[in-house]
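Supplied in structure tokens, the structure appears directly below.
Should a chain be cited, it is by its letter among A, B and C, assigned in written order, with residues numbered from 1 in that chain.
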Amino acid sequence: MSSAEGTGGIQVRNLQFSYGERPVLAGVDLSVGTGEIVGLLGPNGSGKSTLVKLLSGVLRPYGGSATLGGRELKDMAAREVARILAVVPQEPVFGFSFNALEVVLMGRHPHLAGLAFESDHDIARAKEALEKCGALEFAHRPVLELSAGERQRVVAARALAQEPEFLLLDEPSSFMDIRHQVELYDLIRSQADDEGTGVMAVLHDLNIAAEYCDRIYLLKEGRILASGPTTEVFTYANLKETFDTDVYVDVNALTGRMLVVPLSRKRKR
Amino acid sequence: MRTARKPLTAAGLLWGVAILSAVLAGSILAGLSAGGGEGGLKSLLFPGEIDDHNARRILLEVRLPRVLLAALIGGALTVAGAVFQALLRNPLADPFVLGVSGGASIGSVLAVLAGLGGTGAGMAFGLDGRMVFAFMGALGALILIEKIATVDGSMSVYTLLLTGAIFNAFSGAMIYFLQSIASLVQLHDIVFSLMGHVPSTGYGTVGVLAIGIVGTVLFLFFHARDYNAMTLGEEGATQLGVDVEKIKRRTFVLGSLLTGLAVSVAGLVGFIGLVVPHMLRLILGPDHRMLIPCSFLGGASFLVLADLLARTIILPGELPVGVITALVGGPFFLYLLRTRRTGHEFR
Amino acid sequence: MQPDRRRRIVPVLILFAGLALACSNRPPEHGSDGTSLPEGKRLAVVSPSAAEMLAELGMLQQIVGIGDFVSRPRELNRLPRIGPYNAPNIEKVLELRTDILITVLSDAAQASNTRLRKLGVEVLELDTSHWEGTRKALMTLGLRLDRAARAEQVLDVLDEAMSDIRRRAEGFDRPKVLFVVGRDPLYVAGPGSHIDAMIRTAGGVNAAADSGSSYQLVSLEAMLQRLPDVIIDTSDNGPDALRGQRPGPWGTWEFLPAVRRNRVFWIDPDLLVIPGIRQPAMTARMGRLIHPEIFGEPVEADFEPSPEQGTTETTIEDSP
């Protein structure tokens, strides 16, 4: 496990961004190294999705610094970014009757020149990715006819087909049942372990985060409140401050990982 | 059950283009075979057998340029429709429905008012002030429509249609206004220029349009894979490495150029950009590497045949070809609106 | 897209175009006979042809207001304007204390006509779109305005002029005439138009006699194939409009008899396409274009309205 010091990976220093007058990120420091899964947690509107969009080149410009493999992001063309970094968005968008395989093949876009057609190699990679995500069975169905959960698996497969060094996940499992969630995160885990892919995942589910993440950043109102290994970050005080909600924190006796249970406000005495 | 569609290959593209080229060739032959004059095609194919100098000249100087012009205009409007649809992820985004043609028509009318519109004689030079003005009108309209219809970064189908309808009403009113300040002689030109009619011009105009339109279509074709990615939304496309702003800018400019060229020459010919790409997507799939070249060929065939009807069904009279395309396209538009909606998404 | 409406607009446009040209040539004139009105009905006239008829009937003194498109006789131009034929300014009509509004028969004007009638203004609708209608309109005006005898007298002269033209053209071959209203796209005068009637009276055949309506978008190919002997083109109306006897753009088609024999005429539409009591004069002009061997070669005034050719162009002298 890399601690992601130095210039490699994703390095974010004092990153600032605002929509018009409204500041969204007010000086964020963060890093993602190869082979690690970093969780980004925080309440709605804390700036998580903005951070994903900044790191994937959708939003610019920004204040501070954000580097990808040692190069400043704002100096990189979208195509260069897409060759090393793939995103699984929160709400994927589709149009027309492209089928799942064709959508996954679009993941090869940054690797193909001009009008080039996908080679057999590209198609093999796409099918492999579909299979990994459990989506091969609907490879030939139009994406718009798939359920939300199925679509998210297709999008995950597209991100894998992009063969990225870094993967940004923006709540990718919001429409998935528990089985597919576990399958997806197991896949991400092995992607990190076997391929050395660095992963930053925006997550809502604290227990999923506890189970899969090597390190956690807690984000609130555009600032990092706490960061470090899950065991250090997931304290009652940190979580209470971040989410303004009482939680019960314990260690999962089975896995040794943190266990977080929300407490109803009505229960509070 | 749906049959599995294989990913597009270069060979598949060649086949598609070859088949649609054959369709276009057939349409052009059909277009040349009938018209107000008699014996046309025969006089060309068997010049020795039928010694009919006049029929031959009518064929070569009236019918052929008109058929070629219909092909170019049909192709231009269809490709404009196809790329607007990719950009807006909406199959209803036809230049006419969007109001872009309306903007072009305002430009065209302004050119006439400014004394830059060629009448029959002016058209002989090929280039015409109306082309430039219509292009600017189309571009202005498109930018305005996009700005108005975009709410929080996305464009709902209904906002878009509504904006287009309102803009069309606006440009209609604008044209009435311009007509009312026009000199009566210009008024005459304006009414004719907006009618939706493929003229029979000299080869100079055909040449200028061929270069402009085919060049633009080829340029757009080289962005075909970017358009595929654009169907994943602007964010999704950026994350796949597409320079979205550049593609948008180019599509706006070049789509408006195609629309402006077509409107400046043939007036308002509606709905081709809606009907043809949709039918091609059903048959060939949505991949823009296939769709863009085939839209050009298919749209060209469509307008050549529509113009053939317009030229011949009430001989010796003619119908404006816009009537034929609207009669086909209007109901088709309603059909699409009723059946192709899934939630807030169109396909 | 409303082809029908557009098709109908065309003759109207040409009518207006011609009138506007005519109008621009003549600045308004003031105080020819003072402003006092003789006894009788106060008339407002919206129809250009009716204005010419009123002049023939000696009723000019009683006109108190004119429509936007009325420009002849030029004495009228000093009068207040009361709007276009399809939507006259009702307030203005009332303000002028109009007794009778004389207008053209038009669907578009029905609403305002009804309104005016309710307000006590008599509305006379005249159909002057063809020669029979024009004759009837003249009689209607004569009867209503107590000038029946004068109307009959005028009508006799006009009828005589018309039948004289018809008689003189009889027995000659009938050249095929293409009457061009718009060239790009090609719009021509078809059956039912007064132009078609004039062509026949003057001894010609309309090349587009079988087209669908009185003004029709037609196939250029078909018209070329029919090899017209005479082409009368009224489509060129810019500031540098072609005028006179020359092939112009039609010269491209050197195989056309009209081009070979130099029988292509470029003419101001005002001189041929506006129906009314000038029709005998227009028909005579048509005769000069079609049958110069009968009616004599066309003169300069047949191509462009001359500035002094002001009031009316009829065969009748004004009588007190």
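Heads up, the rule we're going with is that contacts are C-beta pairs under 8 Å (C-beta built on N, C-alpha and C of every residue); 3 or more make two chains touch, one makes a residue touch a chain.
Computed from a predicted structure; not experimentally measured.
A.B. asks: So, comparing C-alpha centroids, which chain is the farthest one from chain A?
C.D. replies: If we average the C-alpha coordinates per chain, C ends up farthest from chain A.
A.B. asks: Which chain lies at the heart of the structure, taking centres as C-alpha averages?
C.D. replies: Smallest centre-to-centre distance to the global C-alpha mean: chain B.
A.B. asks: Any idea how many Å lie between the Cα centroids of chain A and chain B?
C.D. replies: Between these chains, centre-to-centre, one finds 43 Å.
A.B. asks: Taking the mean of the CA coordinates per chain, how far is chain B from chain C in Å?
C.D. replies: Roughly 40 Å separates the two chain centres.
A.B. asks: So, what's the distance in Å between the C-alpha centres of chain C and chain A?
C.D. replies: 79
A.B. asks: For chain A, which residues count as touching chain B in their complex?
C.D. replies: Within the complex, chain A contacts chain B at residues 53, 56-58, 77-83, 86-87, 89, 92-99, 101-103, 105-107, 109-110, 112, 114-118, 123, 139-142, 144, 162.
A.B. asks: Which residues of chain B touch chain C in the complex?
C.D. replies: Where chain B meets chain C, its residues are 35-38, 40, 53-55, 57-58, 61-63, 119-121, 123, 183-185, 187-188, 191-192, 195-197, 199-200, 268, 270, 311-312, 314-320, 322-323, 326.
A.B. asks: Can you tell me which positions in chain C touch chain B when the two form their complex?
C.D. replies: Touching chain B: residues 1, 3, 6, 9-10, 13-14, 16-17, 20-21, 182-185, 187, 190, 208, 210-213, 216-227, 235-238, 249, 252-253, 255 of chain C.
A.B. asks: Name, in rising order, each residue of chain B that touches chain A in their complex.
C.D. replies: 2, 4-5, 7-10, 13, 85-86, 89-91, 221-222, 224-225, 228-229, 231-236, 238-244, 281, 285-287, 289, 342, 345-347
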